[in-house]
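All chains are identified by letter, namely A, B, C, D, E, F, G and H, in their written order; residue positions are counted from 1 within each chain.
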Amino acid sequence: MSDVRVDHERHARTNVPEVIFGASKTREQIERIARELYAGAGFALATRVAERDGEALAAILPDARYFATARVLQCGALPRTRTRIGVACAGTSDLPVAEEAARTLDAFGHDVVERYDVGVAGLHRALASRDELDSCRVVIVVAGMEGALPSVIAGLVRSPVIAVPTSVGYGASFGGLAALLAMLNSCAPGVSVVNIDNGFGAACVAHKIVSSQQ
Amino acid sequence: MSDVRVDHERHARTNVPEVIFGASKTREQIERIARELYAGAGFALATRVAERDGEALAAILPDARYFATARVLQCGALPRTRTRIGVACAGTSDLPVAEEAARTLDAFGHDVVERYDVGVAGLHRALASRDELDSCRVVIVVAGMEGALPSVIAGLVRSPVIAVPTSVGYGASFGGLAALLAMLNSCAPGVSVVNIDNGFGAACVAHKIVSSQQ
Amino acid sequence: MSDVRVDHERHARTNVPEVIFGASKTREQIERIARELYAGAGFALATRVAERDGEALAAILPDARYFATARVLQCGALPRTRTRIGVACAGTSDLPVAEEAARTLDAFGHDVVERYDVGVAGLHRALASRDELDSCRVVIVVAGMEGALPSVIAGLVRSPVIAVPTSVGYGASFGGLAALLAMLNSCAPGVSVVNIDNGFGAACVAHKIVSSQQ
Amino acid sequence: MSDVRVDHERHARTNVPEVIFGASKTREQIERIARELYAGAGFALATRVAERDGEALAAILPDARYFATARVLQCGALPRTRTRIGVACAGTSDLPVAEEAARTLDAFGHDVVERYDVGVAGLHRALASRDELDSCRVVIVVAGMEGALPSVIAGLVRSPVIAVPTSVGYGASFGGLAALLAMLNSCAPGVSVVNIDNGFGAACVAHKIVSSQQ
Amino acid sequence: MSDVRVDHERHARTNVPEVIFGASKTREQIERIARELYAGAGFALATRVAERDGEALAAILPDARYFATARVLQCGALPRTRTRIGVACAGTSDLPVAEEAARTLDAFGHDVVERYDVGVAGLHRALASRDELDSCRVVIVVAGMEGALPSVIAGLVRSPVIAVPTSVGYGASFGGLAALLAMLNSCAPGVSVVNIDNGFGAACVAHKIVSSQQ
Amino acid sequence: MSDVRVDHERHARTNVPEVIFGASKTREQIERIARELYAGAGFALATRVAERDGEALAAILPDARYFATARVLQCGALPRTRTRIGVACAGTSDLPVAEEAARTLDAFGHDVVERYDVGVAGLHRALASRDELDSCRVVIVVAGMEGALPSVIAGLVRSPVIAVPTSVGYGASFGGLAALLAMLNSCAPGVSVVNIDNGFGAACVAHKIVSSQQ
Amino acid sequence: MSDVRVDHERHARTNVPEVIFGASKTREQIERIARELYAGAGFALATRVAERDGEALAAILPDARYFATARVLQCGALPRTRTRIGVACAGTSDLPVAEEAARTLDAFGHDVVERYDVGVAGLHRALASRDELDSCRVVIVVAGMEGALPSVIAGLVRSPVIAVPTSVGYGASFGGLAALLAMLNSCAPGVSVVNIDNGFGAACVAHKIVSSQQ
Amino acid sequence: MSDVRVDHERHARTNVPEVIFGASKTREQIERIARELYAGAGFALATRVAERDGEALAAILPDARYFATARVLQCGALPRTRTRIGVACAGTSDLPVAEEAARTLDAFGHDVVERYDVGVAGLHRALASRDELDSCRVVIVVAGMEGALPSVIAGLVRSPVIAVPTSVGYGASFGGLAALLAMLNSCAPGVSVVNIDNGFGAACVAHKIVSSQQ
């Protein structure tokens, strides 16, 4: 039976390095691929790593850190770019997804501007964060429930907004479907959307946007 | 075969007068029921009346007016109450639904505060309308697409918000489903929701709210 | 990383005090926020608090009670208003949602009229509860399965009806979707709807309705 | 290419005669099959026949009548059975479906008890029709929108209830889906359901129920 | 807080005795209601009783038996009627639902004809069971996956068919939705449908059908 | 702006010739591409051609025929293969889809065995067609409504069954979704499924199956 | 009643000029707003303009052109930026959406690289377009049916991909839902998605991406 | 109560031997049926057998092997056919489904060509596997997430493609629905689809295809 085969040329071809999706892998599989990637490029990143595995791997892998809220395991880092990228959400429930995006971007070398207290039902905070987010080249906006925050932010800033619906909610949120549909129907121009809870995917889009600029 | 039977006691029992749903009736049926209701109570109201029928009926029915955008036909009016009720939406596309609510409330005797230019992608207008909407006992908020406006308004005012999703949109709006789900998942407390495009239903809820106060 | 930030002005701005949504918080987080809220306003309320946490917190927080069926933790109370608000449902399965609404309203200072034995398949009980529910300024009607009870009640009383679908049922109830759709399509005027299982949300709507009357 | 082939033995095998579904057939096809069926059994029935075709065919086919509301074309009739079967609905919008059931049952030889003014928002009428419907061996209950009527009727009578959802409604009725789901989740025992708008199907179920009794 | 209240007149009013839905009740609640019902009418039935509770209660309740596959607990029985009612399904997976129907009918006093080996992919067995099922006054057909069996059986017998979709399947069965939709769209006249996995509901419909015949 | 570009090598690469999907093209576009394909390979086929266009084009294109029920336009034909392929459906409503498959297969050179009178509610016909369909290398089974026919046929024959759901039906058929889901959940092994109404697609699968045999 | 109010500051605030959504407006409304916008900024753009209206308006508005496939009406243009943006799709059916994106980008001043012949079932063309698309700062990929093209392109180029599902298809495409879901689940990093058929929205995202670079 | 009854003639009638679906059976039931089948035909196969049961049964059943990734238990084998059948997928997550297909086909006697490293975001591998897959009589393509791989493969090879969507993914994959819809809408001719995760079903289709060739 075949095993996991690493696509080393992907970084050159697509501007995004190969990253380990930890959700469907054992601790041993994550360790082996991380070592292989780090040996090749001095950098390895794994997402959706459970806390128990993440803490254990961070203790044995080279140059490694584990971020529990984000569930991200990082070995080494890509060179710093000084590009500012914003990550905004309304609060505690959406933090794991927002942090997955933020930690991925930081590992990719970018400066992350985090605003985790902006909700649509308290506009003063959205307005207060306007200048800071407007100074970023891209803004990732994470929201569950009614998914309205990307529309509000996109009406305030000049940067493109990448919207990430989360599965936060219950009942008629249908696992994030309500937020997803809301974001796809945003009346504010300049909003594009990634899959539910896909903080990593949003970070990749933002990374490709700022990397294709040079 | 049975015919339409008017429930004259409904007004006393439920605080809402019997109103004609014009969508599934012929011009002759609307005329006959309107005459019967007006003869009994000096008041008749019909919603979803097509323009051709509405103009023709307004010309022959007693004390009648027809509102084309709202598709509402009115004969007489209930006594003025001086109660202020707000109706807000973002603009042209949602006007028929907002106007259906506004004209129904006006016919029921209330003072309607209309703000038809508040959208989530331009918060300055929502903020500018705050004091006016906050002075109303109830605010009806009509929105299609991502349906985010009720959350924004409910975060700004003390009055309860009745949210009306509209079928305005295309693609992943799925005929108003996106707006409906967003409103049901509102993170702002104090929002309740009626059926898609149901401006009349929102007006009835608002009317019952202010009528049960005496 | 940012932490939970309390929006102390929300009460003044929206007539609803900040309330703790316990479902996504640890016992420690609930305790900390409850102490902070109680210190500021002499009142704190938390919903969706698991029994184990609720009993423990009720023992250590000031002026605290825990209601197991409702999963509500309360410290202090808002001033009594003497306003009557009805809460109706058909029986045991819907009790947690109905009680969440009832205990929230009681904590907000209102007199709650509870009728937990009215089902559509036994109309005599609905009719027997008519006068009592008709004397309330608002009636919250909680129902799972076919979600027909709000239509029946709204045809009997003058007060506005806030309908709460519950996820009670199986198979084609699809987690409360059947009840939700039924309520949105109510043929009885004056019914508005909140999210599935959202007893707290219905209480907030009712509270805003009776609070905007003064 | 093959053509329509009549299954003459179906009546003996299943207790239901072959009936023409007119919706997908030309006037000529309906005429030809009706003549063939009538020649064989002295009886032919076609449903979903458009008014223009129905009136024309009623004028030329033997022993024929056309019912416009029901869209049913009938040639001859089956022997009278004196069995009482109830058909109930709330009013005008559901009439075509209720009448399709009623006219089919009448053609099959049964006595149809029609109550077309019973709605859930006016319980006095449901209660007033109780004895009459309770005297029927089966009751067909037709309803659109929230589809609550079958639950109410099934709680009042001893006969089995066949529920027919209709596509009457808009927005979140989703073409009758809301009513269908409500009926499938009925809390009243003894309710079974047929397809949306399928008045003919409900009549067949009722006919099989009373025919399997001898 | 209110408690469970038994509706003792339901049997007279609707021809179906009050039955305990065990899924949402504790062992103590089931015991208490069963004792109360048995004391009043010499009969009590509970469905969806978990094996551990069922075995324990059968040991202490009067005249009691527990059926593990059906998850049905029975105390006493209604008088035998000698009416034959068929229950058919394709095999092991659908047995719990078929048995729930069969044991309920047996407790209600009817003679149950069980055929649990008829599947659409092996027509010889369906054909072999034809005469036996055709001798029943009603046939309950239980099926998961593509839900085709009711159509096949209804084309073979004169009795009405009550179709019960089950949640058996995976992937695109969507918890029984595929079977439910198939049954609602049956091309065979005389099929009506109850909720997914609702064997008890089908038994009630069959019971009402044969009880309304006297 | 670019125009339609024909992929001449597709036939060699995939064993299926390029075929014109007429639904989204003007008569002039169909004519131009058909002439180009016929000039290159002596064969052109267009599906979903409206009757008016089909008759007109058949009159002017070389070696052309138009099949109205199938909506297929054919110029020339591929060499005869003598391979027998079955096409089965229940009757008139499904004929356009069945004929689209049959005419495509005939144009591709295969011998088509058509059985258009086999329905699940009349098993004698399915049984009567067994030997004929069993002699085919592949059987395409077309069905709307409950979509049960492929399961029945696949339980009778040794050849693989390609199931084609059709949009025939109403209400809970949801445009063919019910039939599609039923077919995907077939309990009979050896059934695979194509898109709703995709008779052409089924023909391509059958053609590839028998062409990959040499 | 309020009328259309132009938000002149939107361009400065969000980097996207106010654009007229022609679908819900009369020819007169489009003309009036276009004149107002052109008078203010020397530029006006309207999308979803029907051919009849577009040709007529292009004849009377200043500096105007109408693009029939794209349904875009343009008066004047923004300054040229020399930034290359790619637009790719598989062919004729998706052209209106691809062209809406392309004409909008051209009007916004960018150089559009159009590749309208790349489909997933003919990879040689996708590979042939690789270098050209890789030279663009952003690539918009438009696809209906299975919506697989964005994944394929995103695996080939370094630029970010904005995916636009189209409603092209039938049956189980469910109006573009199949393509939308596929794109949201893309296994290729760097893909974000806009609403079904929203070519204009994709152009706005691309425009914001390249405009936030300076 | 009836028990499991083996349909020994199914193999002759449908070309597919009776196979044990282990998911809903106890270890004892699997053992008993496997022994009965092996005694009759020298061959038994069980799918969806949990690892603990599979290892235990492989140790005691005659001529038995258990494949953990595939969850397949095999006793004996059918005669080798030397027919090549391809199984392709993108990697680790889809392996259980791909292996279920591969091990079933191997047990049925065919030569399985496995390519488990072909994904749409890395076309070089798909192109590299072209000749090998093109040499197979049928190719089974397994894919989760956006489900695009079958379209890509079907555009490269002459053999028919059987597409198997998997439930691999999260958020808007909706348990494999996204992949399923994508495959049903494939723009590449010659693709047919089986249920989500149904590797066994795909193997049966492939087996029937190559078995009906002789």
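Convention: a contact is a pair of C-beta atoms (placed from the backbone, for glycine too) under 8 Å apart; a residue touches a chain by one contact, two chains touch by 3 or more.
What you see is a predicted model, and the numbers here were worked out from it, not measured in a lab.
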## Note on the structure
Max Cα-centre separation from subunit D goes to chain A
#### Entry: Rounded Å distance between subunit F and subunit H, as computed from the means of their C-alpha atoms
26
### Summary
Note: subunit G sits from subunit C at a C-alpha centroid distance in Å of 46
### Query
How big is the gap, in whole Å, between where the Cα atoms of subunit B centre and where those of subunit F centre?
50
### Message
Two-or-more-chain contact residues of subunit B, please, as numbers and ranges.
### Response
14, 121-122, 154-156, 171-173, 177, 180, 184-185, 188, 195-196
### Each pair of chains that touches, named by its two labels
A-B, A-C, A-G, A-H, B-C, B-D, B-G, C-D, C-E, D-E, D-F, E-F, E-H, F-G, F-H, G-H
### Query
Which of the residues in subunit B come into contact with subunit D in the complex?
1-5, 7, 10, 14, 23-25, 165, 167, 175-177, 180, 195-198
### Query
Touching subunit B in the complex: which residues of subunit A?
90, 119-123, 126-127, 145-148, 151-152, 154-156, 169, 171-174, 177-179, 181-188
### Interfacial residue positions of subunit H with respect to subunit A in the complex
69, 91-93, 95, 99, 114, 116-117, 121-122, 168, 170-173
### Query
Touching subunit D in the complex: which residues of subunit E?
13-16, 19, 137-138, 154-160, 162, 180, 184-185, 188-196, 201-202, 204-205, 207-209, 211-213
